[in-house]
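Think of it as A, B and C in the order they're written, each chain with its own count starting at 1.
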Amino acid sequence: MSLLTTPNQTTLKAADQAAPTLLSIRNVAKQFGKNPVLRDISLEVAEGEFLTILGESGSGKTTLLRIIAGFESASAGEVWMGEERLDRLPPYRRLVNTVFQHYALFPHLTVEQNVAYGLRVAKRPEAEIESRVAEALDKVKMSAHAKSKPSKISGGQQQRIALARALVNRPRLLLLDEPLSALDANLRRQMQVELKSLQREVGISFIFVTHDQEEAMVMSDRIALLRSGELEQVASPREIYGRPATAYAAQFIGHTNLLQGQVRGGAVRCGCLTWSATIADGTALFSLRPENLRVVAGKTIAAGSVRVRGKVRHRAFHGATELIRVECGDGLVLVARTPGNDGVLDEVELEFSAVDAVRVRESPERL
Amino acid sequence: MEFLVSEAKLISGSRWLLLHAVAVFAFLYLPIAVLIVYSFNSEGVGGFPPHHLTLGWYRTLFADGPIWDSVLNSLQVALAAMAISLAFGVPAALALERAQFPGKALFRRLVLLPLILPGIITGLSLLMLFNVTGTKLSLVTIVLGHGTALISVATTEVFAGLQKLDRAQEEASLDLGANYWQTFWRITVPNLKLPIIGAALLIFTLSMDEIAVSFFLIGRDNTLPLEIWGRLRRGITPEINAVSTIIFAFSLVAIVFWYRLRMRGESAAEAGTELVGAVEEEAV
Amino acid sequence: MFSRAYKVAVAVPPLLWVTVFLLVPYLLMFCYSFWSVSASQTIQHSWNFDNYLQLLRVDVYWQTLLRSMWIAVRVTALSLLLGYPLAYFLSFYAGKKKDLLYQLVIIPLWVSYLVRAYAWKTILGSDGVLNTLLQYVHLTKHPLEFLLYSPFAVVLTLTHIYTPFAFLPIYAALEHIPRNLVEASHDLGATPGQTFWKVIFPLSIPGVLAGATFAFVLSLGDFLAPLLLGGPSGIMISNIVVSLFGAAYNWPLGAAISLCMLVLVVGLLFFSERLEKKWSFS
């Protein structure tokens, strides 16, 4: 059995109901002077879960992470780990470790000494330190560089060392503050895969902070979408993508068409489009993903489908698919995703199923 | 970032640090405070507690001719030294920051040496030069001494300013069609305004207070510090306290002003760099 | 990027000035040290090692040099002891007041040396502020003699003068340390105390070395404080040099001692720089 795994490894499920709660964030708020950065955040993190806190810069995601780590204290609210109140403890007494955005490796210590730091401070016996460090380095494939200084290794390698340095202490929770943002695209994709499999192997909870929605979707068991200090939606990637709760969630993750419609007697009217939906009368906002808009020919309209004609104004080639902007009259512009090998089209007919128009809440401006 | 203090919970270790800091500040300012207080004491420079407080010594000071002559001398010397130090220090900084040439390391050390060398060595070596060349000692020799010793101050200040200057600004200027000479005068020099003014202020203040080098190069006319020195040999009166207090007041103003200039220069440079960065990001 | 003409225009004038007014004088000092002074008080340009031999043989020069070094060592140690915790406090604990406090530290630095040395003289004398204060509160009956005209007075005054000098490079080095290293250390379980010794102090060593070098070199070559406050027991090597250029009229011998000091200082600077490079990690 690997020395890095915790005992009681639970089988990971997509939803967190099966796994016990590790971290409980209750009504946490944070103000810097008069500036509210976090407002009333409540979130539960399960054992062994890979949770991503996703948000733009200024959304408060890093602040939330730092509150969990102990580098900031919350203005209101509590953080609990198990039966213990976490936010009363200074960072050096929490069983939480952090992988910093710029790695924060100690420049005057070798790679080995960096990784051993936490164990040395805890005064573990030398033999134990040696074996645990060697194993950690092996796990991140950096054993060959044990005696090097951080300034002599590349960014990607530094990132692995930062990871090893944190994990070797067997924390109950690992925090990662945009650790991949400094890497270039290919290395980043590679590291995403490695991090995910590492998390599965080690079995502890990871809280990962990023602004990259694609990264969040690839790696997470659940995503917590943060906007202007409040949680927009907390759900699995599939759910956030397929059933976004708000306009912001729909737009931030992936591409979407936001349709403003009027509902009367079970029928939605949006420009020249009409479809039926069981919604109360009034205005409603809908999210329609480009891949749900198909280019069709032929006269037969399937039940529950909506058709619209338009002129293609712009096409963007994305390799496997193409995104086309279609002007449909009445000022309605739809973005559709088509297979990339279509011929060049001027006018198209698009079709979508009414059920694919997902109702979303408004996302009002927050100051 | 300084989470320990911002949390308003001083842990025991930092309480000692605070105490230590207070003690050191007291140590640094105590003699100056004593000096100021006793400049108002009618009975002399010692003796605790100070009795009759009076402005009498300041009156004596203002009537004291030789002191004011020496002040005038010091001012002349300081201005001339400033001119020399800047005239040679600014190009030296440019050469060190921008150009590569053989012997650069040696040049750098030589220019910066008087900064850390005890003044006596600089003063004596120049004395020997003047002796060998038969130059009579006077305010001119003092000017040459100060000017030489303080080139290093000008160089360090301007060098720091150059390092903060974003190369991208000069590259943008060249890109837009200006040649090296134009770029130098339109972009580089305006950005060096603040460091140069700061250096000038510093050099002026240091020259006014300078005594170690001046000690050996003095001719007939005294500078202010040497005039005070002469008085000290003859006996101490609170008049010296009075003139010291005034010197302190001026130095205080000068240094605070210099520091503010420097801070303004730094934030201006940062703002400029941020602007360049933002524009670059947009372009990507 | 820079043309030859630019390089010449910019490098040559300072080079010339510095050669004439720094290099040549040092060379002259070198020459003088090998000459001698005749009975009739003129300088004879006969080349010999007499001055250096005299330095080696005559006790007073040796002893004074050693005493000067000992004083310099004490001043350096005290300046570091006072300056380092102050710099640490300002850098890590002062928060918004950091700027103001920094100004407060550098202000005494630029207030006339003479003024400050003189101030200590008025404090430490037998009729001075300290003695009369102690007698006033009945802590002592008679003035404490050792306060003035002693090595103690010199060490005290020089520490006062050079503590800000020691402070500056230490503060700069501490400010340079990325704060996320401190956070990382805490994150890994180290208390602030452990963090200081394992992370902060090692990374500040170049600053400490620079500060120590400043304090040592400048106090070694100081002649004003000993002249004002040292008395006969507080004479330092520079005072001997001053008298050789003054009343004792022996320029060659004075030049020899000065040259020794110059070599010593340059050697120390060089050594210190090497050490600083070895300990610098960024």
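Rule of thumb we're sticking to: a residue touches a chain if its C-beta (ideal position, glycine included) is under 8 Å from a C-beta of that chain, and two chains touch if they have at least 3 such contacts.
From a predicted model like this one, the values you see are computed outputs, not experimental measurements.
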Task = Tell me which of A-C and B-C has more C-beta pairs in contact.
result = B-C
Request  = Average the CA atoms of each chain to get its centre, and name the chain whose centre is farthest from that of chain A.
outcome  = C
Inquiry  = With centres defined as the mean C-alpha position, give me the chain A-chain C separation in Å.
reply    = 57
Task = State, to the nearest whole Å, the distance from the C-alpha centre of chain B to the C-alpha centre of chain C.
result = 17
Ask   = In chain A, what residues contact two or more other chains?
value = 71
Remark   = As the complex stands, chain A meets chain C at residues 69-71, 90-93, 96-98, 100-102, 104-108, 117-118, 121-122, 149, 151, 165-166, 169
Note = Within the complex, chain C is touched by chain B residues 1-2, 4-6, 11, 13-14, 17-18, 20-21, 24-25, 27-32, 34-35, 38, 44-49, 87-89, 91-92, 94-95, 98-99, 101, 107, 110-111, 113-114, 116-122, 124-129, 131-132, 144, 148, 151, 180, 202, 205-206, 209, 211-212, 215-216, 225, 228-229, 232, 236, 240-241, 244, 247-248, 251-252, 254-256, 259, 263
Inquiry  = Quick check on the complex: what are the chain C residues that touch chain B?
reply    = 1-3, 6-7, 9-11, 13-15, 17-18, 21-26, 28-29, 32, 82-83, 85-86, 88-90, 92-95, 99, 101, 103-108, 110-116, 118-123, 125, 127-129, 131-133, 136, 160, 163-164, 179, 192-193, 213-214, 217-218, 220-224, 228, 238, 241-242, 245, 251, 254-255, 258, 261-262, 265-266, 269
Ask   = Which chain C residues qualify as touching chain A in the complex?
value = 178, 180-181, 183-191, 194, 198-199, 202-203, 281-282
